[in-house]
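In order of appearance the chains are A, B, C, D and E, and numbering begins at 1 in each one.
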Amino acid sequence: GSKKESSSGGSGTHIVKIGMIAPLTGSLSALGLGMKNSADLAINQANAAGKIKGWKIEFDPQDDTGDANTGGAAAAKLASDNQVAGVVGTLQSSIALQAAPQLNKQNIVMVSPANTNPSLTQGQNYLKTKSRPFASYFRVATTDLIQGAFAADYAYNTLHAKTVYLVNDKLVYGQGLNEAFGNEFKKKGGRVLATDFVTGGQKEFGSLVSKVKQAKPDLVYYGGQFPEGAPFSKQLTSAGVKAAFMGGDGLVDKSFVTTLGVQTANDYATNVGAAVEDLPAAADYVKAYKDAGYKDAFSAYGPNTYDATNTIINALAKVLPGKSSIDATVLKAVESAVQGTDFAGITGKVAFDQYGDTTNRIITMYKVEGGDFKKVVTGTFSG
Amino acid sequence: MTQFFQQLSDGVVLGALYALIALGYTMVYGIVQLINFAHGEIFMVGAFGGYTIYHYLLPDNMPALVALPIVLVASMITSGVLAAIVERLAYRPLRNAPRLAPLITAIGVSIALQEMIRLFYPNADRGEPFPQLFPNGQVHFGGVSESYVNCFLVVLSVVLMLALRTFVLHSATGRAMRATAQDPDTARLMGINIDRIIVTTFVLGGLLAGAAGTLQGMVASPIDFQIGFIAGLKAFTAAVLGGIGNITGAVLGGFVLGIVEALATQYVPNGSALKDAFAFVVLILVLVFRPTGLLGESVRARA
Amino acid sequence: MPLLQATGVTKQFGGLRALSNVDLTVEEGEIVGVIGPNGAGKTTFFNCLTGMETRTSGEILFRGAPLPTRPDRVTVAGVARTFQNIRLFHNMTVLENVLVGTHPRSRAGVLSAIGRGPRYKREERKAESTSRELLSFVKLDGLRGELAKSLSYGDQRRLEIARALATDPGLLLLDEPTAGMNASETAGAIALVKAIRARGIGIVLIEHDMRFVFGLCDRVAVLVHGEKMVEGSPAQVQSDERVISAYLGRPAE
Amino acid sequence: MIPMLQRALRIQHTWNLPLRTCQAMAAAAFVLEVVGTNLAWATYTGFPGLMSLSFYPAGARSYVLALSVALALVAVRFTRRRQAGIWASLASFALTLQTLIAISRDGGGLVNVSAGAWITLLGTILGIIAFVALPDDGAPLPSSWPRLPRVLDGLAVVAGIGAAMLLLVYGLSVDPANQFVGLVIALIGGLAALNRLGLFAWLGALYARQQGLSLALIGLAAISFPFTQNGESYWLRVGANVGVLAAAAIGLNVVVGLAGLLDLGYIAFFGVGAYVAALYGNAGLGPSRGHIPFLLIVPLGALVSGLIGVIIGAPTLRLRGDYLAIVTLGFGEIFRIVVNTYDGFTGGPNGLANIPDLAFGSFNFGLPHKVFGITLQGFANYYWAELVLIAIVVFVFSRLDRSRIGRAWVAIREDELAAAAMGINTVAYKLLAFGIGASVAGGSGTIQAHVATQVSPDSFVFMQSVLLLAAVVLGGMGTVPGALVGAAILYAVPEKLRAFSDYRLLIFGVLLILVMRFRPEGMIASKRRQREFHDTEASGSDALSAPPGFAGAVP
Amino acid sequence: MSLLEVTDLRVSYGAIEAIKGISLEVEEGQVASLIGTNGAGKTTTLRALSGLLKPTAGTIRFDGQRLDGVPAHEVVVRGIAHAPEGRRIFPLMSVEENLELGAYSRKGQDYLADVGGVFERFPRLEERRAQKAGTLSGGEQQMLAIGRALMSRPRLLMLDEPSMGLSPIMMQLIFDTIGELKTAGTTILLVEQNASAALALADFGYVLETGKVVLSGSGKDLLTDEKVRKAYLGED
């Protein structure tokens, strides 16, 4: 494309923008706002420290409302802005599928703190032949393959579950988790009794619960987000289903716990990365976040977002000094700088493999206890 | 076989909820021929009304069974008052406008109410856990089990529906409602204050929706700003299935819909994903063979 | 061959037999009156003829061929009607109302309407000129551009007739064409019906205005309780004792 | 609030001060506003425009100034046009208030508002009082608008369309959301005032006289839009999206506006087209991996959609009124759920992604192209493709509308039984309308698939059908320009309001309510609709009237 | 003082003024008749009197009290019943329910005797008491409409074209009924196209043309009036 010269060119500082695509409104906004604030924090810190010589970073967050089309339009807006050199986001894999191609066309790097669907980095047929579809797409989150397999391992070996009932919301994320879990669980010798579905916005699960109850599984593994997962788990419990309930990072939200109320028995969820309290580097982040006075909690993806943003900032700091405008060559250089990232983030080491996936494959298993998520074990899955 | 009855019973629970909401659709439709798309939101706001009273006004240590009627009534009043306000501000000025105008207004009201709750009610977007005011436990009939709260839901719905039916069929106000439905101008000539009758109809529908709000909160916590949309869509379908404008029909439609969904979940491949589609398939089949719904009456326009 | 030959027309509404075995024949260019007490089944008879009610049994031949049973096909076959309660297209203009009437006599389909070839244009011009002619025939030419709903009652009745004539019928069924008209307006209606007959169109009319019926009809049939009680010339019917006691009350003056 | 406004804007006039007093007040208001807008409004720099400077009207202030000039004109020239005055002064009041709020919000309190804003606010309040109190003798709109000689006629058309185009381009380029809202307020007030002055009636007559020229110019303006975008693609993408939906809205217009069939699941047909393109077009994402060329895929999408429309319609079109509405809603949902469930074929909820750009021989729609030395981003190509589709749809629609077929549709809408009595095969004609509507949506959907680069069931939810319906009704039912305007407003304005994204839907909901309350016939109403909608009494003429058997809460 | 006094009444439909300043009076216990061509404004006048339409100007007094601006449902309570043009019975309700609704304005009072009274007057209705009113024939519906209006025990009964669409024998019955009602002391305002029958019955008559009263006088005088005979009785 033909990028115009940056408008504030000439003397003094140039402007470079880092965009974000996340749900700032809608039912997932709690997660999105935590992402926005964390990115904002990283950018403010970088500006204050003068990290990119001669350049000032501006933050341009766009709302995708949790809707793929809106997210697509947001990506188009960022893609056509010639000051944008990188984008942090998205939360949902389904939206990334719209955003990544557009940003890739303009060579703008996109680093996601949360996308976990394998096909984004390894192509549609990732189970058979891996091939990277978007050179400018990276993520600091581990894929569903790892998360699901880790959960299956824990369920089989630690919880001694022999049968599982899979339930998902049919979205990229939920289905991916279910598949990864199921495959690994079967490999270990467990049995998948059935796969069932919930629909977006569903709150009443009476007959699904009865169906699960009849199947008498040891474990219900749920691939989806907390708005449906919470009432589902709760209704299983009140119908007297004794099976443990487990899911992925989509469940890790305060609302999940509060909805379950006092009657929770047996709820587990995995999250990518180590628990924040375990990482010394993260303490500074938590403190800085608090000091900055953001209204909303940093939520599940705050720390990842902070690392993702810093990934872009570091690359910019390498490429931009001495340049006066952002054009295709500069963007290409940023892309390879990101590819070569290697620094210690607050969630661990940040580096990418040849597909753009993080090499940090640490997963933490949490259990709901005493009104919060309590860490059970941290580890990684190695097959 | 037990499982079949279990699903049947789950379907009845779901159906009772649909039926309560469907009554509001059907009554409003009957009297002003308006698909009140905002009715689902009136239900949703009712749930929040009950929640608010419980959370902010009642003392923490109040016994659940004392709080329950208070919360229930609070939900009903919230929805009833809201229904009256919506009628007064949004629909009444359009009483004589062509059909599409109030329909679009209804959609507007629906969106506006959802958004107001989302924006101005703390946590309404991620869901508020609704107070659990009913003791835990199960009732067993043979191999079929239902939780206490589900049984309470069904009983309360049936009582409310019977009360409504008696009111509409046998009271003077009920007769005035039917007269207004058939010919508002002539109803005025009979001495019927149709404004008051119409608002009464909206309020009655609202009261039932409010009750449904509390019930839904208790069986399917948490509540959020979107619960009205899906429930509304289903209830509307139930009302049409039964024959819109027909009170018994709405109840029947609600139960049929609930049962179809439950059975589909259990017995159809991919049923848990397809159950909503089945609800609509049943609706369409019924309408193709009985164009006015299960109990709808057709007095054809005489040529 | 008679224009219309209806035999044994029967209509059952649940437990009520609204029409039983009604026969009626109309010759080319004839004006036949149908009278009878309220609720005798006159309108129902029209509805059965035009396919707006499905008849329980009975056979109806129009120009020797069975008359279809769907309203639109009946009109295409050549039987047009007006309604007891006027049913115009309220928000269309007077001219448009009549243009709709020309529908069954034109052919243009989707493609020719889009293409607008010479054939289409010719047809459209013809429809318009026919409509204008009919409007002046019923003396509404001054009101072509008005909306139908803003017309007075009498004008609406005449417009309904013009609209029915536009379908180019062989038989016209008029259901109480003078209801709500005063005596002098009724006189105008008599002239109009005569003029329609002069165009070679057969007419069956339902009326309660006896001066109108007896002054106009060649033949009168009396329906009572869904059965044809008497049929004959106006003079015969007028003096029939049964008709007087069931319907007229006292002989028409 | 609503009744108050209504009272102010409609007939009632409670005060009736003498004419002289009112004129004096209006003059004073004008002076205050001119002075106020030339003083500083904010105590700090950084607010949009140069609000802290004196004697440099910028941003919102210039709109206030423009409106106040209009106001003065009204006061001096047409003393009796009180409603025009009320609109103009209401708008300048709202605008000043909005700016004032924005300044104090951004700056952190009312202390940041300086004298200029307060003086202007005072002026606008005085203006409202002056016009509300103006005696109204109910005289008809001034006939003083001249009928121009033929040459000038044409020029006026050119000027009018040119102005509209400039306004549009300017509007899109106004960036800070606050200022955009200001512009919208100014536009609503200004246009309403001009309307009350009779400008639009006059313009309407003008365009009617110069139809050919107007159409050509509007077309030209639409075609040249991409050249105004400085090689950027954002608004072109929005434009392409609006185009796609506008075409679909015109199709829905046939179904709802003309034939009177309320379709609440219309978006499904759009979806069918999109999936056809994704599965069998040059994306070839289906199991067959077919690659049907673009020029064939559009009509194919239309055909498949139309066929499905007819198949759905055949058993259900005998249903009346709202029963049909719920059945169509049901079909819409079934489509979505089925697509969602059978993911082997349709990709399920994740949809089909990575749909490549259209290619037309060696011409790739997705790449930038240079035209007359101006670089145009890829979306310009889609935008133009949409224009072509719209042109075809509009042509077909207007021909059908003014034909025997269009008349039959209207007749069916008015009174189905009477229409049947006129020899119209009502079921066949309703099917035709349904099928045509469905095909237009399908054809449009095929392009949408490439614009969005993916299709997924979430794009075809009930709310989308509602939005399309709202576009048709807001714009003006039964008219082509109405559908276009409605789609543009509903899909483009929200893009402009991204900064208010949290309030976007709320604003939309309230807007729907207000428009239905005050202008139920839509922005661009057909003559017939206008008469229908402003009937004083309810009559049997409802747009979608139910049969009598429908009514009644019967046990 | 007359029971009903209308002065300078004006009514508009949107921009069209349908009633352009009508004045009329009806004496207690008498029958007054309004006649006129189609569209003269007879129905509009009645609808304004019963509060269905809002007059733009003029006053209506009933029994000395202002009636203009009183909402329709109040007008009934004051003692005016209106049997509207086209009968307008409630089609989906039974004959009996229709009658019960007629007594709606007399809340709490016993109306069963009145139902009996109507059935006595129209035995045909009693035969069909449980039938849905929408399936009655035109004449039966007309009886029902009149019966329903009587249920409110009105002091003034307004009938709009009660004979429209009725068979001759039925028409006689209706006119006989009107006569009886008058004898029983009910004041009646009658709108009719059948001018000769209406004027024969009326104590006083008004002739309307395009929204204005063009002629008035006693029923007998009007019957013999040259212009009336020509324009409304179809004689030349």
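Simple rule for what comes next: a residue touches a chain if its C-beta (ideal position, glycine included) is under 8 Å from a C-beta of that chain, and two chains touch if they have at least 3 such contacts.
Computed from a predicted model, the values in this text were never measured in an experiment.
The minimal number of chain-to-chain contact steps leading from chain A to chain D is 1. Here the chain-to-chain distance from chain A to chain B, counted in touching steps, is 1.
Of all chains displayed, D has the C-alpha centre closest to the centre of the whole protein C-alpha set. With centres computed as the average of Cα coordinates, no chain lies farther from chain C than A. At the far end from chain D, in terms of centres built from Cα atoms, lies E. When chain pairs are compared by their number of contacting C-beta pairs, B-D comes first. Centre-to-centre separation between chain C and chain E, using Cα means, comes to 31 Å. Between chain B and chain E, the centres computed from C-alpha atoms are 43 Å apart. For this pair, chain A with chain E, the centres built from the Cα atoms lie 77 Å apart.
Residue positions of chain D with contacts to 2 or more other chains are 340-341, 417, 421, 502, 532, 535-537, 541, 548, 551-552, 554. Shared interface positions of chain B, i.e. residues touching 2 or more other chains, are given as 178, 182, 270, 273, 276, 297, 299, 303.
Across the assembly, chain A contributes 25, 170, 197 as residues in contact with two or more other chains.
Interface residues of chain A facing chain D in the complex, by the touch rule stated above, are 1-2, 4, 24-25, 62-63, 65, 67-69, 72-73, 76-77, 79-81, 93-94, 97-98, 101-102, 105, 124, 133, 169-172, 175, 197. Looking at the complex, you find that chain D touches chain A at residues 230-234, 237-238, 241, 340-341, 343, 348-351, 353-354, 366, 368, 375, 377, 379, 452-454, 456, 458-459, 495, 498, 501-502. Contact residues of chain B toward chain E in the complex are 172, 175-176, 178-179, 182-183, 185-194, 297, 299.
For chain A in complex with chain B, the touching residues are 25-27, 29-30, 170, 196-199, 201-211, 214, 227, 230-231, 234-235, 238-240, 253, 255, 258-259, 261, 263.
Across the complex, chain E meets chain B through its residues 50-52, 71-74, 76-77, 81-82, 84, 88-93, 97, 100-102, 104-105, 107, 132, 134-135, 148, 152.
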